[in-house]
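Two complexes, one shared chain (subunit A), two partners (subunit B, subunit C).
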Partner chain A sequence: MMKEERYEMRFGGSGGQGIILAAVIFAEAAGIHEGFHVCQTQSYGPEARGGRSKAEIVISHEEIDYPKVIGMDLFLAMNQPALDAYFVDFKPAGILVADATFVDQVPTSRALVLPFTTIAREKLGNELVANIVALGAVGVVCGKVGLASLEKAVAHRVPAKFTELNIRALHAGAEAARQQDLSALPPFIDSDEEKEV
Partner chain B sequence: MMKEERYEMRFGGSGGQGIILAAVIFAEAAGIHEGFHVCQTQSYGPEARGGRSKAEIVISHEEIDYPKVIGMDLFLAMNQPALDAYFVDFKPAGILVADATFVDQVPTSRALVLPFTTIAREKLGNELVANIVALGAVGVVCGKVGLASLEKAVAHRVPAKFTELNIRALHAGAEAARQQDLSALPPFIDSDEEKEV
Partner chain C sequence: MSEKNGQRRLLQGNEAIVEGALAAGCRFFAGYPITPASEIAEMMSLRLPALNGTFIQMEDEIAGMGAIIGASLAGVKSLTATSGPGFSLMQENLGFACAAEVPCVVVNVMRVGPSTGLSTSPAQGDVMQARWGTHGDHPVIVLAVSTVVDCFATTVQAFNLAEKYRVPVIVLSDEIVAHTRETVVLPDPADIMVIDRIHPGVPPEWYIPYEDNSRGVPAMAAMGSGYRHHVTGLIHDVRGFPTERPEEVDAFIRRLFRKITNGFAEIQITRSVMMEDAEIAVIAYGAVSRSALRAVRLARSRGIRAGLLQLITLFPFPRKAVEGVLRQCRRVLVPEMNMGQMIREVKRVNLATEIVRHNRVDGQFITPAEIYDHLLSM
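Coming up: the complex of A and B.
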């Protein structure tokens, strides 16, 4: 990244979907294992009681002055209410990664929609790792944090008993993302087009 | 709190001391169960590889414009290196809560020094819950988040198998803090005195 360039991500989902854990893991992978400056933030407002949650990550090679998202380079949406609520701040050249299991409508064509929860249930036998499946996909799409770093951070944050399951979940998500042709997405969405969708 | 008043906290410790989990739990207790606006932030810089970690929480009744700590109202230090590294930004009327097990020298007389890790080991049989013991004490010292809210957040964040242990840890920490006479602390430390210590 160029000097002062920031890469900004937001993860959104319901309270039980493990958004914050996924964000903490990504932040540790980027900050501890890849050497980025990282700020990872949870914000709760009056809407927090509704069960929606969001977590944000800003990474940079420089010190980070403002730790919250200004414009999203990547938005992970684990369900439709979180997608609708937190899509603001999406950059024209940003990318949306959404869980097809719980998302029907995407407001941009720069979207990678994969069934994270279905993969977690069917390939891994446990819906609770859908967040880590999604994290594997996010790692591939973002391209700034290696899978090995994500593995280390997963192993640090998850109880030993569940480490192997979560590592497999991470790889399943990465594999699902790699099978998509990201270069086929439109490179840039102008705001008029976005409004029409 | 008055309009726009912020209450700012920082938790610091080594990588394995569970600082971030404690901060996420406190933030959920304050944001989801007590209805505050809350921003909870982890920052990683070049020093992250050294194993130190810090987490910050800002709570307010108003929307929070800047999510990081400007001046600490409460600083939880789980070991000496974290205390030394992150004591900057301590407010004159702030309060330091430190783990006596791993802290020898406190740079302010506005300090509550309790052996969180020793309590975790001896009363609860598991050093790994020292962070939750500390969290119980922090809840009492801070005074803005009820123990019931902390309990709910602990139960949400900790694997079911360990919920009871962690709830007991929370209460042990709260009890240890309640036995101290906080009103006996000097109300305000001026910066000259702080420098001399």
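Coming up: the complex of A and C.
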């Protein structure tokens, strides 16, 4: 058995939703400010906007060999097509975080469905920060990266005049996630056989 | 050098190539942007002006390759970066750099081909093109990168080899390595070994530009430094002028090869992991060596004596290291994101070992599970 602390995440959405930026910010928070080894990868189509967009993050206390996701511990889906397309590597014990604004069919009960885009639009007055709202929630759900680290990474990666808005977005997402009772999610029924590769 | 060296940073493979090039002393970049290599040009355009270097976006890759040859002849270490379609356009000028012995580094971030192919998906289809893409019998050095740290170190190495042997060095990356961000701490500039070409030690009137010596690498004078000399893609004599005399042609071609053969020991770079007692091995390069490493670790955790030989130098083919693996192991797997290019080089070394191919050409990364399952079935 290979025992290691490999925590794997995938963010999926459509081109233009800031999926890759959100992943880069998370990777920086985990890698620079929390001291993890990090691999962040992405795949996208040739289109500048539209089309599917996917970003992955693997974090570990050890050096990372294979840089991509093998089984997702956390999956952030920002719309239904991305959820449907990228759900395939979901670990039975994983957690799905989805944007209720654009997702209406959820394939697992281990899910936290919050209206990230609606929050961005109505509470922050700018739909473009939906990715950062979601990132705030992801930070709370995964429990690997502190809000302070995410704040620093946001400040480093977004243009200065939008820092304040993005920090507020981060807090709004974290707050929305904290209001949910994560311990109430149905537990995964463990077995002896472990999926390894 | 970046003021951030010594600090922990989150860098993309492409960015690490830029940092490696700058650390090695590269001060000239010419090229034309193309996915998945564009970030190299983008970062160079930001970094070079601040270092008194020059960045030029050319009209196409043909001109990009031409410009870096010119800059190198003028004494400046030069880089261009592209992907398959651009690399095809560079082949003619790449041959000129081989013939005129112009040190330079060409990064090819591989994507799926042929032709425009899949512009955003990884592949390893340009291995043989890197070796034989330009016409004529010519030596060339081809290195392959697999991690962000590799991108830095191997690019430094590429410049060092180019300068030391007066030869174009091709760095093969791929879409995965190029766009993977990892946390890295780049070394302090003082800890990086940098090699520069040897300048003539004689006065200009005594300079014989292509005069042989024990290394087979002639001293190189920068254009404009007072050492007047002729540079041509035609086969030339020691003074740089065209010749058709059989003994001069023969000496020229043989010297081109001899200078590389002389350096095999330092040029052929490989990395062995868990090979000491291995009975079964994977030979891999580029991003696939990361999948292979995981597969080997998994096999070990199940009591299978597996090992990995990662090829960093693809050409000149590291025959010695491969021979060792083939002597030791009863079976060897060669996973590649092409229909089988390096496997044929491995087979050419062959003793009696069974060599098995594993190919993927759908624009998707080979997974550790695939390699592991294949190892198990061998």
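What we mean here is this: the second predicted complex is superposed on the first by the 178 of 197 C-alpha atoms of A that agree within 3 Å, B and C clash if a C-alpha of one lies under 4 Å from a C-alpha of the other, contacts with A are read in each partner's own complex, and residues count from 1 in each chain.
Definition applied: a residue touches a chain if its C-beta (ideal position, glycine included) is under 8 Å from a C-beta of that chain, and two chains touch if they have at least 3 such contacts.
Predicted, not measured: the structure shown is a model, and the values here were computed from it.
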TODO: Give one of first, second, both or neither to describe whether A:P159 is in contact with subunit B, with subunit C, with both, or with none.
DONE: first
TODO: Have a look at where A:A184 lands relative to subunit B and subunit C in the superposition and call it first, second, both or neither.
DONE: neither
TODO: With the two complexes superposed on chain A, say which partner A:I70 touches: subunit B (first), subunit C (second), both, or neither.
DONE: second
- [ ] Would you please give the residues of subunit A that touch subunit B in one complex and also touch subunit C in the other complex?
- [x] 24, 27-28, 31-32, 36-46, 64, 66-68
- [ ] Would you mind writing out the residues of subunit A in touch with subunit C in their complex?
- [x] 1-2, 24, 27-28, 31-32, 36-46, 64-68, 70, 196-197
TODO: Give every residue of subunit B touching subunit A within the complex, in rising order.
DONE: 15, 20, 24, 27-28, 30-32, 35-46, 48-49, 63-64, 66-68, 156, 159
Open item on the list: Touching residues of subunit C toward subunit A in the complex: what are they?
Closed with: 8-10, 35, 119-121, 176, 179-183, 287, 290-291, 293-295, 297-298, 301, 365, 367-369, 372
